[in-house]
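Here come two complexes built around subunit A, the first alongside subunit B, the second alongside subunit C.
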Partner chain A sequence: MIRRISVACLCIVVLAFLLMPDMFRPVLQPLVAEGMPPIYDRANLLMLTLAHLGLVVAAIIPSAILAVSLAIFVSRPAGSEFLPLSRALTNFGQTFPPVAVLALTVPLLGFGLWPTLLALFLYGLLPIFENTLAAFVTLSPSVREAAAAMGMTPRQRLWRVELPLALPLILEGGRIATIIALSTATIGSTVAARSLGEVIIAGLNSNNLAFILQGGILTAALALLISEVFSFVIRRLQYTQQAR
Partner chain B sequence: MIELIGLSKHYDTVRAVDDVTLTIPTGTVTVIVGASGSGKSTLLRLVNGLVTPTSGHVEINGRDTRKIPSHDLRRRIGYAIQDHGLFPHWTAARNIATVPDLLGWPKARVKQRVQELMTLLQLDPAVIGARYPHQLSGGQAQRVGVARALAAEPELLLMDEPFGALDPAIRAQAQSDLKALQVRLGTTVLLITHDMAEAIFLADHIAVMRAGRIEQYGTPADILARPANSFVSGLVAVADRPFRYLSLFSVADFVEDGPADGPPIPADATLSEALARMIWSGQDTLPVAGMADHCIRRHSLIGVAGPPRSGAVR
Partner chain C sequence: MLDRLSVVLAVPIGVGMWLPLLGLRANRIAPPQPFSTADVFGFWPPFLILLVPIGLIFIRHPLIRTVLSMAGLIAVLISVGQGAVQLSSNAASFARVSPAVGAWITTAGFALLLLDALTRLRPGPMLRLGLLSCAILLTSLLMIGGAWDRISIMQEYGNRSTLFWTEGQRHLVLAFGSFVAALLAGIPLGIACHRIRNLRAPVIDLLTMIQTIPSIALFGMLILPLGWLAQNVDFAKALGISGIGTAPAMIALFLYALLPVVGNTAAGLDTVSSHVIEAADGTGFSRWGRLWKIELPLAMPVILTGARIVLVQNIGLATVCALIGAGGFGSFVFQGLGQTAPDLILLGALPTVALAFAASTIFGALIDLSKRGSDD
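What follows is the complex of A and B.
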């Protein structure tokens, strides 16, 4: 209950800040020197937030599709040989620093959206892939056997039994990947992708603590809220299938 | 009629199932008894194609099952397992509807069939139907598993230690319920268990299995009275063996002329129940309900219960 209330409060504060940033002027004013703006004014904060979210969604959805498909493939008899390769690939995506991805891909893809999307996409693969795989591996052998023994085709087993039972763990992976992407998206602004990173970078460049704080706190608040949404859905799903 | 013809399954050098030939007449219960590792589970899985045989094959009503696509075959063979394997994300009703759904039955017919089966298995459709497996008791989950296996009126019902996960208090009830259900539906059943008492109670025919081979095949009375070798006699040689043997016959078959006092015993009671009553009450004869001037004598029962003696065993 307390958790719900605090999430609702956070949600209201974030919305208020995005819709009426001037209301927060008195709070942020003491953080900046005389004559400097306390609220980011070079772009609309709401638009930047939406662009930030859009960037994350545009990277995580294809990342999730690839990671889940890959996990399905390597957990079938025909694809099991490719398990080590897939692991190596997704691990590489995770360990390769996003900044390095940006530096390497800007010459190929140019400034702006695309290098950032690629970096976030690669970064999201591992958690979703590993969680999906774990979900398949931990599926109860008797449930798996029952699905085959009832006369389900391999495709029916996947869609009717394995994927629905794996869904909570897959979403858990999606939650982790999304949170990471939300914070990592800020560095996209170093290569001119539109995100809340722009506010932070502007603050660093002009030595404006208020800018840095509002960019950082907004990003963190978004991550928290989205994580809560995922957790809520996961809890609802698990309620109906506790005995997995 | 289900025929297992020369079935073998070898894993490298291990012969899990070794040249098993077995006929299961339509409408009867065949129980395979064996210890763990005897190959009985593998044998069961060979029948519905969960395991592919090294050699041999299965025929259902004269039709070679190798010629039927495995998912079609399995939809025609019910399958109930020890820890029930219910789908945790589906309600009890939807679990029972699994095979009819796969077969594309119309919704109304599926719904009607689920209701019918739940009633038959003493599960209240209105209450239990909407529950998820984790909300069911062990006995309820076991019955939902059996209902799921029976849903599409299978030609054969395979049961792998169906009562293994139940506590002893409800196991006996579940066994008699299954027996009554089988008699009512006339389903052909192939059941495996490690429990000889369960086999004697349920089976029309028993196959004793060891190290992948059938050691003896026969009726429960055959197995109890004439074990083929020391392994089988080891399995049946328990303290209450005479009582188990007597439990295979009913009072009605041994009624004799003559008066007797005391409360009558029902004609469909088993001989072991009759003998137990006589020992407890100290009587030599018992009247039989509904049969005036008829009784059952202790002397005759004791003649039935012993090892094969000339003329004494039916």
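What follows is the complex of A and C.
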């Protein structure tokens, strides 16, 4: 209960800040030197937040589709030869720092939106793939046998039995991927992608703590809120599955 | 039966062999002129290299696959270096030769084949450590021998070799310093979280919240308070604490590192079964004796898993520290981004990735060894 109330409060504060940033001027004023703006004024904060979220959504959705399909493929008999390599690759891929992924995509794609999108997309694949694979591999054989005994075709079995049962774990992977992407998107601003990172970097460059705080806290708040939404959906799914 | 993975990987390797291997640029920023392996060496060398993945389609034995794919990888790496020597011998002195798309594709293809062969080989922890040392030794020998000296990344290195090692040292100090600090603080905190039920939820919630703050923002948030500290407290200044540079970077890395350490220590101690604890109490262990001799050793694999996550994460995040003047390999990455110089970006990014990979492999082996120890 306390959790829900604090999430609701956080949500209201974030919305208030985005819609009426001037209301917060007195709070941020003491943090900046005389004559410096306490509220980011080079772009609309709401638009930057939407651009930030758009970047993450545009990267994570294709990433989730590809990762889930790949995980389903390697967990079928037809793809079993690719299973050891794909596991090793996920382990290896996670040792790649997000900044390095971002930096390595710039020589390929130039500056701006695209390298950031590609880096977020690649980095999102790993947790989703790992969790989907874990869900499919740990699915008890008796469930599969029962579905087969009921006369379901492999396709029906996948869509009606296996995917719904795996969904909570897949969403958990999506949650991790989204949080990482939200944070990495701020670094995207060093290669000129539009995101809340722009506010933080402007703050770092002009020694403006208020900018750094509003960019950082907004990103963190978005991550917390989105993580709560994922956790809520996952809990509901698990609850209905147990009720059945 | 055919090995389908090799079929799938032989295609990009085959295509990559005929794509440009190297790009020759008249100077550092001129557009590259492409050369394929066949342009440089003639028809036979790429054909011979291509025989490797084709052969692998029919060979299942994991050891032979490992040796063959390793040979293929080394052949590609050496041909990149030798090709660069040949191309630059006919060009002006400030011409640059850099690996082109074909080199990246074939290297990645052979690396994937090797990774797959190694996974199928299921090497034990000691063998993995041995293989890692061999790889490090081989790479160093090739570098000292000058196999890649004419490649532009190595030329960027040659221009700033002293700086490279200074920055490397700073990178290691940042990553390992905060790692050790996080272990020293995080393991006791994890033990406390395990023993005191009411402490756990708030501590874990707080640490999770810290993790959601983007790294550049957390660095920034630490700059001003530390700067104030340095200006107003003589003791802090004497310690060398200042607003920008190592101090905020170190503290931020430390804060990020706490969650995996604390969480895994508490979770590892949870896995010790109540029977074991009862048996230990029955044998007359004190509370601390039980913790040191029984609980911590049994929880060690899970704690080490947390340590591995932290070290890999710290090596990566230390790159971002360059943005606040703390140095490290990140300074090359961000300079390279600033000057649109891909070679300089690679000079910072490649060692970071290699370091993270080595740390992860070493810790993976340690985890397996500690599991083996607790099975006995």
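The definition used in the following text is that the second predicted complex is superposed on the first by the 236 of 244 C-alpha atoms of A that agree within 3 Å, B and C clash if a C-alpha of one lies under 4 Å from a C-alpha of the other, contacts with A are read in each partner's own complex, and residues count from 1 in each chain.
Definition applied: contacts are C-beta pairs under 8 Å (C-beta built on N, C-alpha and C of every residue); 3 or more make two chains touch, one makes a residue touch a chain.
Keep in mind that this is a model prediction, so the values were computed, not measured.
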First (subunit B), second (subunit C), both or neither touched by A:153: first
Subunit B versus subunit C, judged by how many residues of subunit A each one touches: C
Which superposed partner A:109 touches (first subunit B, second subunit C, both, neither): neither
Contacts of A:99 with subunit B and subunit C, given as first, second, both or neither: second
Which of subunit B and subunit C A:82 touches, first, second, both or neither: second
First, second, both or neither for A:145, with subunit B first and subunit C second: first
Sites on subunit C touched by subunit A in the complex: 3-5, 8, 112, 115-116, 118-120, 209, 212-221, 223-224, 312, 315-317, 319-320, 323-324, 330, 333-334, 336-337, 340, 342, 345-346, 348-349, 352-353, 356-357, 359-360
Of subunit B, residues touching subunit A in the complex: 48, 50, 71-76, 79, 81-89, 98-99, 102, 132-134, 148
Sites on subunit A touched by subunit C in the complex: 31, 81-82, 84-85, 87-89, 91-92, 94-100, 103-104, 106-107, 111, 179, 182-183, 186-187, 190-191, 196-197, 200-201, 203-204, 207, 209, 212-213, 215-217, 219-220, 223-224, 227
Residues of subunit A that touch subunit B when the two form their complex: 140, 142-143, 145-153, 156, 161, 164-165, 240-244
